[in-house]
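As written, the chains take the letters A, B, C, D, E and F, and residue 1 is the first residue of each chain.
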Amino acid sequence: MRLLVANANTTEATTQLCAAAARAAAAPGTEVIPATPAFGPATISTRAENAIAGHALLQLLAEHAGRVDAVVLAVSHDTALEAARQLMPCPVIGMTEAACLTACLVGARFGVLTLGNAGPYEELVARHGLATRCAGVLGLPIAPPEVLRDPAAAHAPILAGIEELAARADSVILAGAVLAGMDRALQPRAPVPLLDGIGCAVKLAEALVALKLPKPATGSFAAPVNRDTIGLAAPLAALLRGG
Amino acid sequence: MRLLVANANTTEATTQLCAAAARAAAAPGTEVIPATPAFGPATISTRAENAIAGHALLQLLAEHAGRVDAVVLAVSHDTALEAARQLMPCPVIGMTEAACLTACLVGARFGVLTLGNAGPYEELVARHGLATRCAGVLGLPIAPPEVLRDPAAAHAPILAGIEELAARADSVILAGAVLAGMDRALQPRAPVPLLDGIGCAVKLAEALVALKLPKPATGSFAAPVNRDTIGLAAPLAALLRGG
Amino acid sequence: MRLLVANANTTEATTQLCAAAARAAAAPGTEVIPATPAFGPATISTRAENAIAGHALLQLLAEHAGRVDAVVLAVSHDTALEAARQLMPCPVIGMTEAACLTACLVGARFGVLTLGNAGPYEELVARHGLATRCAGVLGLPIAPPEVLRDPAAAHAPILAGIEELAARADSVILAGAVLAGMDRALQPRAPVPLLDGIGCAVKLAEALVALKLPKPATGSFAAPVNRDTIGLAAPLAALLRGG
Amino acid sequence: MRLLVANANTTEATTQLCAAAARAAAAPGTEVIPATPAFGPATISTRAENAIAGHALLQLLAEHAGRVDAVVLAVSHDTALEAARQLMPCPVIGMTEAACLTACLVGARFGVLTLGNAGPYEELVARHGLATRCAGVLGLPIAPPEVLRDPAAAHAPILAGIEELAARADSVILAGAVLAGMDRALQPRAPVPLLDGIGCAVKLAEALVALKLPKPATGSFAAPVNRDTIGLAAPLAALLRGG
Amino acid sequence: MRLLVANANTTEATTQLCAAAARAAAAPGTEVIPATPAFGPATISTRAENAIAGHALLQLLAEHAGRVDAVVLAVSHDTALEAARQLMPCPVIGMTEAACLTACLVGARFGVLTLGNAGPYEELVARHGLATRCAGVLGLPIAPPEVLRDPAAAHAPILAGIEELAARADSVILAGAVLAGMDRALQPRAPVPLLDGIGCAVKLAEALVALKLPKPATGSFAAPVNRDTIGLAAPLAALLRGG
Amino acid sequence: MRLLVANANTTEATTQLCAAAARAAAAPGTEVIPATPAFGPATISTRAENAIAGHALLQLLAEHAGRVDAVVLAVSHDTALEAARQLMPCPVIGMTEAACLTACLVGARFGVLTLGNAGPYEELVARHGLATRCAGVLGLPIAPPEVLRDPAAAHAPILAGIEELAARADSVILAGAVLAGMDRALQPRAPVPLLDGIGCAVKLAEALVALKLPKPATGSFAAPVNRDTIGLAAPLAALLRGG
C-alpha cells in the first residue's frame, strides 16, 4: 500500500523525521510517501498557524487523492483531521489521535507530554472525546526547533516529565512532530509504554486499509459533491466538486 | 467604533445580508464594515470547506488588523474563531458563539435550528463547552441558497422546527448566516425568544469594546510573535511575525 | 435605560461599591439604581445565608418590577438568579454569570478568584454549565469585611492568586461583591484580563435590553401566573399572582 | 428518634399527606413531627416560589433545631437542601435526593416522573451529581391540586408514564409531594420498583442518625458562626449567630 | 432480618473484621451472617484477582439465596456488585457504594482514602456515576496485610491523608475491607466525617429491606431465567436457571 | 504471530464463528488459535453470567500465557478485559472495544446495534470513556441462538436498525459474537460503514504486536506478582504468583 505521510508545516526536516519514523514502523508492503505543504507556517505553535495550515494540508492531500491508499497526518495538532477525513477517498489518521487510541489499548489512562502550551492538547483530547481517559497534559518549556537541532539535549527533561505523568498514567504519548521516533531512545528508561504518534498512525492506517471499510454515504463525513469554490488550487477545487 | 463583519465564504449576498442584520442591531456609534474573503468556498456546508475558509478568513481579518475595533464572524460555524481571537489585536466574536452565550442569559437550555447536518453544530456547542445548556440541534433539510432566493418559503418549516425545539428549550438559535435577520419576521409567532447570531454578536462586540480588556500576555491566546511563514498574504504574514 | 443594581445582602456599603462600579461601566444613557434588601444577612458567606437572601432579593426586585429595564444582581453567588429571571418582566443578569460568559469571549478557560470557600463557586460554575471552561477556583483566606475596610491591603495576595491561576487560565474572574471595581487597580500588573462581574453584567444587561427579546411563553422561565401565597410582601405576592 | 417532616409550601394538606407516608415508613421508635411554614407559596411550581420557600423552610427548621434528631424535607424540589444541611445540627434529607440515592441501589438507571415542567427536575438530578444515573424525566401535564382532590383519577396517566420510563429505566421515582404514598397503590401494576421520596428519606434519616456522624468542622457545610442578620425570625437569627 | 456479610477474598480474618464492624452498626433485630468464598485470591489488589473473585462471590451468594434478607459485599472494590444485584432475590449493597451514597447525604463532595493504587477506585466512583461528587482519591503506599497485623501503626499516615483530603472534601471514605471499623478510632481526630463502608452498607441494607421494593421485572436487573451453564456449583447453576 | 481468539462462553459454535471471522481478517503471518472456556455460561446475556465468565476466561487465557503473541476476546461484552490486559504478558483486545476505537477513525459518532438489552452496552461504551462518541445503542429483541441457527433471517431487522442508527451516526458497530462476520453480507446495503468487532480486534492486535510496546511497570496494569490464591487452576495461580 501507498501511505502518504503529510506534514502540515513547511519545514522539510520535520517531514523527513516523520517519514523516517513511519518507515521504521511500516510493514514490508507499505511504501511511505512524504509530503510537505507549499505554503504556511514553518512550525505550528499558535492557533492561527494551525488554522492556516489546515488549508495548506488539504491542498497537499488533494494533490495525492486517488494515488495513495491512506494518509497519516504528521502534525501533532491533528490539523484539519476531520476535514481531511471527509475530503479524501481513503483513510486519514492523525498522529496524536492514533497515539490516544492506541493508549486506550494498553491501560486505563494516558498522559500527554508536549512542548509548549498544554491547553491546545487538552482541547484536542476533548475533541476526540477521550478526556476521561487522559490523566493530564504536561507542556515542557522547550522550543521544537531546539529539539530538531539537538534531540539528545532534550532527553533528560522529557524523561523527567514522563516520570511525573507515569505516577498517574499507564502510558505516555510524546506529542509533537519533532519528537517522532524519540520513543525508541527513551523507552528503556521509562516506567510505562511511550507512544509515538507516527508509529501508531502507520499501524492504524495499515489496519484500516486492510478492513476495506467504505466511506459513509450520509452525514457529515460523506464525500463533498458539487461544492463551488473560488481561487483554490485545481486539485482541491476538483475534489470539492466531486463526481 | 468600527466593527468588521467578516464573512468566511465568498458569497457577497450573504455578506450583505449579515451586514444588514448587523446594522439593524448596532448602536448609533457603531460603523459596520462588511468584508468577504478573496478565495474559498461559495458556501460552507462541509468540514473541508470550513477548514479552507479558516485560512481565507484569517487572511481577510489580517487586512483589517489595527483598523477596526472589533470583529464579528458572519459564519454560523464560528470558523477559525479561536485562531482569529488569538491573531487579532481586537475582540473577535463568533455569531453562533454569541447566540449560545446570549441564550444562557434568557433561560436554562437553548435549542439550535439549522439547515443541513446537525452533527457539526452539536460539536460546535460542545467545543464552546455548552453541551449541558443545549436541549438539542435540529437540522432541517433545506439548502441555504434556496433561503437566499426565497426566504419567505422557509418560514413555515422553520416555525415548525422552532415549535418542536421549544417543547424542551427556553430559546431557539437560528444558526446559519443565510438566516440572519429572520428572527424579526418569525418572533411574533414563536413561543420562545429567537436568537439571531449576528445581532447577538454585534451587541457582545460592543460590550467587549467598552470593557477595554487587554489581550492575555501568556497562554495560547497571546498574540503570535516571531512566527515564520511561507507563501502567505503579506498582512497575514506580518501579523504572525508580530513586533 | 434604568438599570437596577440589586445587592442581596443588607450591607449598604457593598451596594454603593457595586453601584459605583456599575456607573463606571455604564453607557451614557444608562441610569444606575442601587437597591439593598430590607432583611437578611449582613454578608453572604454560608449556604444558609444565600438561601435566605434569595427571598430578600426577590422581594426587593418585585418592588421595582415594571419600573426598571434590566436588573444586575450585585452578589457574587448569583443568588436566586434563575428565580429572578423567571419572576421579573425584564432581563436579569448575575454578576458572576456575566463574568463567566464574558470570559468565554476572551480565551478558552477562565480562573475564578474568590474570598473564602472555593466549593460553592465550583458548584456555581457547574450550575451555569461552564465547568469545562473553568481552569480552577482559588479561595483566598481573606474575610470580605477586611477588604471593604482596606482594599489596598488585599492587593498583594490577590495578585499572587491571579498569577497562580494565569498559569492555566486565559483570564481571571474576581468573584466577590466587595472586589467590585478592583480590576481597574490590578489589571496593569496582571498577565491576563481581569473580569469584574459588575462591569460585565452592566454591559450584558445593556446588550440584552437592546436585543428586545421577549420572555419565554412556555417552560420554566415563563412568567408566574395565578400563584397563591401567604405572608409575602405585597409587590412580591402581586407579581406571583400575575395577570 | 424525633423526625421532623418539614413541608416547604403552606398547604397543610400536603404536610399531612407526607406525614402519613412518613409514619407508614418509619421504624417503631421514630416519632414523626409534621411542620408547615408560616409564610410562602401555597404550592411550589415555579422557580420564584422555590426560592422564597427556601427562606420559609429554613425559618421553620430553625424553630426545631436542637429538638429533633433528623429532618426530612417534604418537598420534591429538595428546596434549600444544602443550606438546611449546613444550618441544622442534625441530618437533613431531601425527598427527591433520597429517592435518587435509593434508586442507585436497585438498578443502573432510574426514571423520574413528575407533574409539570421536567426541566427543573433534570437540573435537580444534575445538582445531585446523578445525571448519568438518570434515564429521563417525564413531566405529566397534571396540576398538583387536582391530585390532592382526587388521587385515583391520576392513576391511569401516571401508570402510563411509568411504563414509558421503564423501557429504559430500572426504577421510577414519583417526584412530587402530592404523590407521597401513591407508590403503594401503583406498585402492583408497575414493571419496576416505584420510589416514594418520603419513604426513602425516612429510612435514610434513620440510617444517618444511627451512624452518628459528626458535622464537618471545615468547608462549606460547617455550622455557621457569628453571622449577622437583619429582620429574621429570632430562632433563625440565633442559629446563624451560632456559639 | 438475616444479613449476609460476604467477603470476596479468602482471608477469614478480613471476613471476621467486617462482621464485627457490621454487628457494631446493625440494629437489634439484624443478625449478621459472615461468609467467605471457597476459592479465589487471598486479598484483592489487582484487576485480575477482582475478576476471579467475582465468580467466587456469586457462588458464595448463591449458597445463601432465599435464606437471607439482604447482602452486604465486604469488599471495597464492590466486586461483581451489579451481577450480584441481578442474581439475588434480595437487596445487595456494596460497601464502597454505600459509603459514597451516604457521603452524598453529608456534604457536597467526598474524598476516598485507600491502600494501594488510586486508579481503580476512581473508576469505581465513575462506574457508580458519582465522579462529580468525588473530590479525589488518595492511595497510600501501605499493604493491607500490614494493617491487619498492626492497625494502630497505620493511624498516623491515614490521619495525614484524611487531613489532605479534607481540604477539598466534606467527608472522607475509608476504602478497604481491612480498614473496616477504623473510623471509630480516628473520627475524634478528623475534621470531617469518616465513612466506613461496612457500617454504611448495613444501615442501607436495613433501609432497603424495610422499603420492601420488588425486583425489576424488566431490563438488565431482572432475575435470570433459563440460563444454561457448564461446570458451575449447583446452587449458582440453579439460580441462573431460575423458575 | 500466534493470535488467541478466546470466547468467554462455552458454546463452541460461537468460538468457531469468531475464529472464522478472525481468519478472514488476519494478515498472512497471523495464526488464529480458537479457545473455549471449560466452564461457565452457554451464552452471556445477564450481568451474572458475565461476571462468572470473567473467571472462566482468565483461566483459559492463563493456559496460553507465554505461548501466544496477542489475545482477542471473542465476547461482545469485553468480559474481564482490563483484568486480562493486566494478567497477560501480551496485548489483549476486546472485540467491542476494538470496534469502538476503529469507529473513531471513520467518523465523529458511531451507533451500536446489539441483540437484547441496550443498557449494558451503554455502560460498556462509558467504561471505555467513549460516551460522547456514541450516537446511541439499539437493542433488537432477537435471541442470539436464533441468529446462530438462521443468520439470514436476522438480516432484515438488523438492516432496519442500521438505517435507524445511521440517521445520527457515521458508522454502526454490530455488537454480539454471534454477529461476527455478518458485516460482509450487510455492508453493500448499508449507508455507513459496518464494524465487526472480531475483524477490528484482529487488525488492532496485529498493530499492537508490531509496535512492541512494553507492559507498564507501575500502576494498575503492571503484571501481578506474589499474589496468593486458593483453589484456582494451576496456570492461573502461577500467573498471579508471577516471578
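Assume a residue touches a chain if its C-beta (ideal position, glycine included) is under 8 Å from a C-beta of that chain, and two chains touch if they have at least 3 such contacts.
The shown structure was predicted, so the numbers you read here are calculated from the model rather than taken from an experiment.
Enquirer: In this assembly, which chains make contact with chain A and also with chain F?
Expert: For chain A paired with chain F, the chains in contact with each are B, E, in label order.
Enquirer: Just how far, in Å, is the C-alpha centre of chain F from the one of chain C?
Expert: Here chain C and chain F have centroids separated by 52 Å.
Enquirer: Round to the nearest whole Å and give the separation of the Cα centres of chain B and chain D.
Expert: The answer is 44 Å.
Enquirer: Between chain B and chain C, what's the gap in Å when you average each chain's C-alpha atoms?
Expert: That gives a centre separation of 27 Å.
Enquirer: Quick check: what residues of chain E touch more than one other chain, meaning two or more?
Expert: Chain E, residues with two or more chain partners: 82, 85, 108, 119, 132, 170, 219-221.
Enquirer: Name the touching chain pairs, please: which are they?
Expert: Pairs of chains that touch one another: A-B, A-C, A-E, A-F, B-C, B-D, B-F, C-D, C-E, D-E, D-F, E-F.
Enquirer: Report the residues of chain B in contact with chain C in the complex, numbered from low to high.
Expert: 25, 27, 82, 85, 91, 93, 97, 101-102, 104-108, 128-133, 166-167, 169-171, 187, 191-193, 195, 199-200, 203-204, 206-208, 210-211, 213-221
Enquirer: Which positions of chain B touch chain F when the two form their complex?
Expert: Touching chain F: residues 118-119, 123, 126 of chain B.
Enquirer: Of all residues in chain E, which touch chain F in the complex?
Expert: 10, 38-43, 45-52, 54-56, 58, 80, 82-87, 117, 119-120, 127, 219-221, 224, 227-232, 236, 239-240
Enquirer: Going by the contact rule at the top, pick out the chain D residues touching chain F in the complex.
Expert: 108-109, 132, 168
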